[in-house]
Amino acid sequence: MRTGLYIGRFQPFHKGHLHAVRYCLSIVEQLIIGIGSALESHTTKNPFTAGERIEMISLALEEAKIKRDCYLLIPIPDVGHHQLWVPLVEILTPPFEVVFSNEPLTRRLFKERGYSVEKIPFMKRELYSGEEFRRRVVSGENWTEIVTKSVARFLEEKGLLQRIVELSESDKARL
Amino acid sequence: MRTGLYIGRFQPFHKGHLHAVRYCLSIVEQLIIGIGSALESHTTKNPFTAGERIEMISLALEEAKIKRDCYLLIPIPDVGHHQLWVPLVEILTPPFEVVFSNEPLTRRLFKERGYSVEKIPFMKRELYSGEEFRRRVVSGENWTEIVTKSVARFLEEKGLLQRIVELSESDKARL
Amino acid sequence: MRTGLYIGRFQPFHKGHLHAVRYCLSIVEQLIIGIGSALESHTTKNPFTAGERIEMISLALEEAKIKRDCYLLIPIPDVGHHQLWVPLVEILTPPFEVVFSNEPLTRRLFKERGYSVEKIPFMKRELYSGEEFRRRVVSGENWTEIVTKSVARFLEEKGLLQRIVELSESDKARL
Amino acid sequence: MRTGLYIGRFQPFHKGHLHAVRYCLSIVEQLIIGIGSALESHTTKNPFTAGERIEMISLALEEAKIKRDCYLLIPIPDVGHHQLWVPLVEILTPPFEVVFSNEPLTRRLFKERGYSVEKIPFMKRELYSGEEFRRRVVSGENWTEIVTKSVARFLEEKGLLQRIVELSESDKARL
Amino acid sequence: MRTGLYIGRFQPFHKGHLHAVRYCLSIVEQLIIGIGSALESHTTKNPFTAGERIEMISLALEEAKIKRDCYLLIPIPDVGHHQLWVPLVEILTPPFEVVFSNEPLTRRLFKERGYSVEKIPFMKRELYSGEEFRRRVVSGENWTEIVTKSVARFLEEKGLLQRIVELSESDKARL
Amino acid sequence: MRTGLYIGRFQPFHKGHLHAVRYCLSIVEQLIIGIGSALESHTTKNPFTAGERIEMISLALEEAKIKRDCYLLIPIPDVGHHQLWVPLVEILTPPFEVVFSNEPLTRRLFKERGYSVEKIPFMKRELYSGEEFRRRVVSGENWTEIVTKSVARFLEEKGLLQRIVELSESDKARL
């Protein structure tokens, strides 16, 4: 059985991420979904906690009828020094044969450690993006088309949109 | 749906842990299994990485026919200061209503934060223990009765018993 | 007796801060003054050490005839992850019933932990600001009206204005 | 005006500490009381938080009629590497001319940085000791003679003795 | 014998750095070359690891016929709080009498600790600069005149120029 | 040219270490000498700073007429999690082909990362040991035969033996 790794920050988990998970699962049988910057939250770029992101991803994948047996959710903290990041991932995850990523630094770091790294075809990249989502929430524009229904409901029920708005008014949240 | 939290170090995941998971799942529908001291490995007390522990737990729960939908595996790093540990757990996990633990400090810390904390009935505590397992491996005694078949197979195939023996010869691994 | 918490970076402690302390003490009997980013110093945004800020605050409050019994000065280090910051404050301070703050992130973090959070009426916000103070020092404009007499004397006697000027010439001090 | 520094862990603040504060204040006009290992709590050696220790010290010194103007309470976190500890103290405190300490490492570290270091005459050292206090609480012996009345009352009202007992039953709290 | 300290990030080691080393060695007999931000790598500002920088410096100084006996290469990690940085340098290096630096913050920090700090005459500062080197590599301009021959060869043989180009395409590498 | 790595704590650098360096240099042309636990000092097990250890090693190797060109001294800080330690070493050093070590954990960690690891023949292990050296200094026994002449002179001139004695009297220095 072949295992792949796909790491994102999922702030929030949107339809582009769902598309990527489906793509990866068309290539490998088992997918480790790494939740990056796991301890960050309450910043403009990382509004949600790892726990909240785990809930969103679980809801979205259940809605998409992706079975629990074919993926593993693992929070990955930042490590300070880029060169220690792949070794940290190796501590926290079962072994994997292939890494899916479009991010140049992520690709470089895994390649320097000898991993095989694959690109993921983008899907409506301008629309399906965490940055665009957060921008629309702050400016009061419609954001519902960016995420799946279950994630939209979760964000509204938990009052998490209001957090994004408040963080946007804080210099301290900008890092 | 009620959610519980059960945290252990699982060095390794043994039959006592399996018994505890079953007990918790007789009380709550959803169980968050926190893998404590997640970044520790290669010490006499914590020989296995979080990734290795995730594999062992998955194998044992599959062998026990516990469904993937009713539990969530989450690695929890240590945090240095005990008083920050429960808040760290809260970052990394979805919300939970009840904590299962027999460890006095763990119980105290969650209670001081207002959580409801339940004890777990022990099962052959002297035998089903990580310490006893590691002692037997080092002294060359039979350890197979302590873990499930799938975990025993995993440990042997990955050559992880040899690691425990080598760590026992190192002062540096003692901390 | 009611206790409040008021946290600032106090780089330096200016007349706006003094006004805020007076306001808080009109509402609570005991005020915990938290010195934020306590371990930061020698940066353009945080030129002074916690020790220097403790001296400035003590001098200004003495000059303003605010009694030592009604406030407590406590340095609060940064904690890396926002969600752990309120728990860190809770470790370092006696209990408090109300938090005074206008900063959106600070307000949000305390509210999410269940605290009552009050706004402080601003007083000449454009003038009484650490940023404006540091800008004037660097550009050689008059800054004395921003701080109290005792603080102005302290800064001059210790040669701390020269430090601000030198930091402004350093790229390294910018973050 | 001469300023001294006196650092302790104050787990809890006992009569020996009070005696030491009085001794220091017979030599210097202003005393900085540093609360060491400030972020530690909930361990057998460090059961109380810095906030709790601040409350105890304030109560004991008020009971002893020592004026608020002649001392400053400052929490000092541990720093990992001994050689960085004195520089950390220098960040967090106003300047001081003399250090009061009987602890060999503390004395050595301050002397290597050029400070004048004075010994404090011990008072009933076997009795007035945090270790003896905690031992008595755990074994159910009388501990009230070790601390002042106000501290005894505080510990009982807050239920903190029970915490010491529970920590003594935890392996995890031992480090 | 007089010892000096010269700290840089050396990303990469260029002809301006070589000129500075020669200048320092015209004043002191022994030079400690501190490799700053030693644990940083794979960022746009700090593309190379400390190990790679040690190799470049050794090659360039050998090419320049500077003897191994008159310098010492020591990696210096960042320390988080500026005020602890000089004490950290003191842990990692033998004693030195004079510091060579043009950087305002570095100069200030060493002066506040009582060190004698000397300026280094710049040499073609616009050309001989790490920033200019990295800019040229990314834009495909000629960069060979900025570094010595041995360093140019090293960078090419190890494929390190490609790393700079890839990092420039990554948002994540920007901080 | 073949490069080896030899890591020790060198508290202090003794004749057994010198013997080991000679042995390594009989097998490889270039030796990276890693100074482990580089930021530790002022503890009973690690009394000396990295800077002091660099001085001792340089003196002993000069006395032994080992040329500066064939070795590289690199301080290696501890990293908290064993599994990240080899990647940290890789950041700080040029590449090496073989690791010399008798320490079981060190051997295991490098082997798991695919390195070739060689043993070093011990020489009077009971006598030539940092532990035995420190024991003798504390108990006032003769220690001079354990280290080379130049190291003995250095320790006496710098007053570092007195530090070991004082640390032995401190509970705080024990961890």
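Should a chain be cited, it is by its letter among A, B, C, D, E and F, assigned in written order, with residues numbered from 1 in that chain.
Please note the rule applied: contacts are C-beta pairs under 8 Å (C-beta built on N, C-alpha and C of every residue); 3 or more make two chains touch, one makes a residue touch a chain.
Note that the structure is predicted; figures quoted are calculated from it, not measured.
Listed here as common contacts of chain D and chain F: B, E. Common neighbours of chain D and chain E, listed by label, are C, F. Separating the CA-averaged centres of chain B and chain E is a span of 46 Å. Our note on geometry: chain C versus chain E, Cα centroid distance of 37 Å, whole angstroms. Centroids of chain B and chain C (each the mean of its C-alpha atoms) stand 44 Å apart. Within chain B, the positions touching two or more other chains are listed as 39, 41, 49, 81, 83, 88, 90-91.
The full set of touching chain pairs reads A-B, A-C, A-E, A-F, B-C, B-D, B-F, C-D, C-E, D-E, D-F, E-F.
Per the touch definition, chain A reaches chain C in the complex via residues 39-43, 49, 163, 166-167, 169-170, 172-173. Of all residues in chain B, only 80-83, 103-109 touch chain D in the complex they form.
Interface of chain C with chain B (complex): residues 79, 81, 83-84, 86-88, 90-91.
If you check the complex, the residues on chain D that touch chain C are 38-39, 41, 49-52, 54-55, 58, 67-69, 72-75, 77, 88, 90-95.
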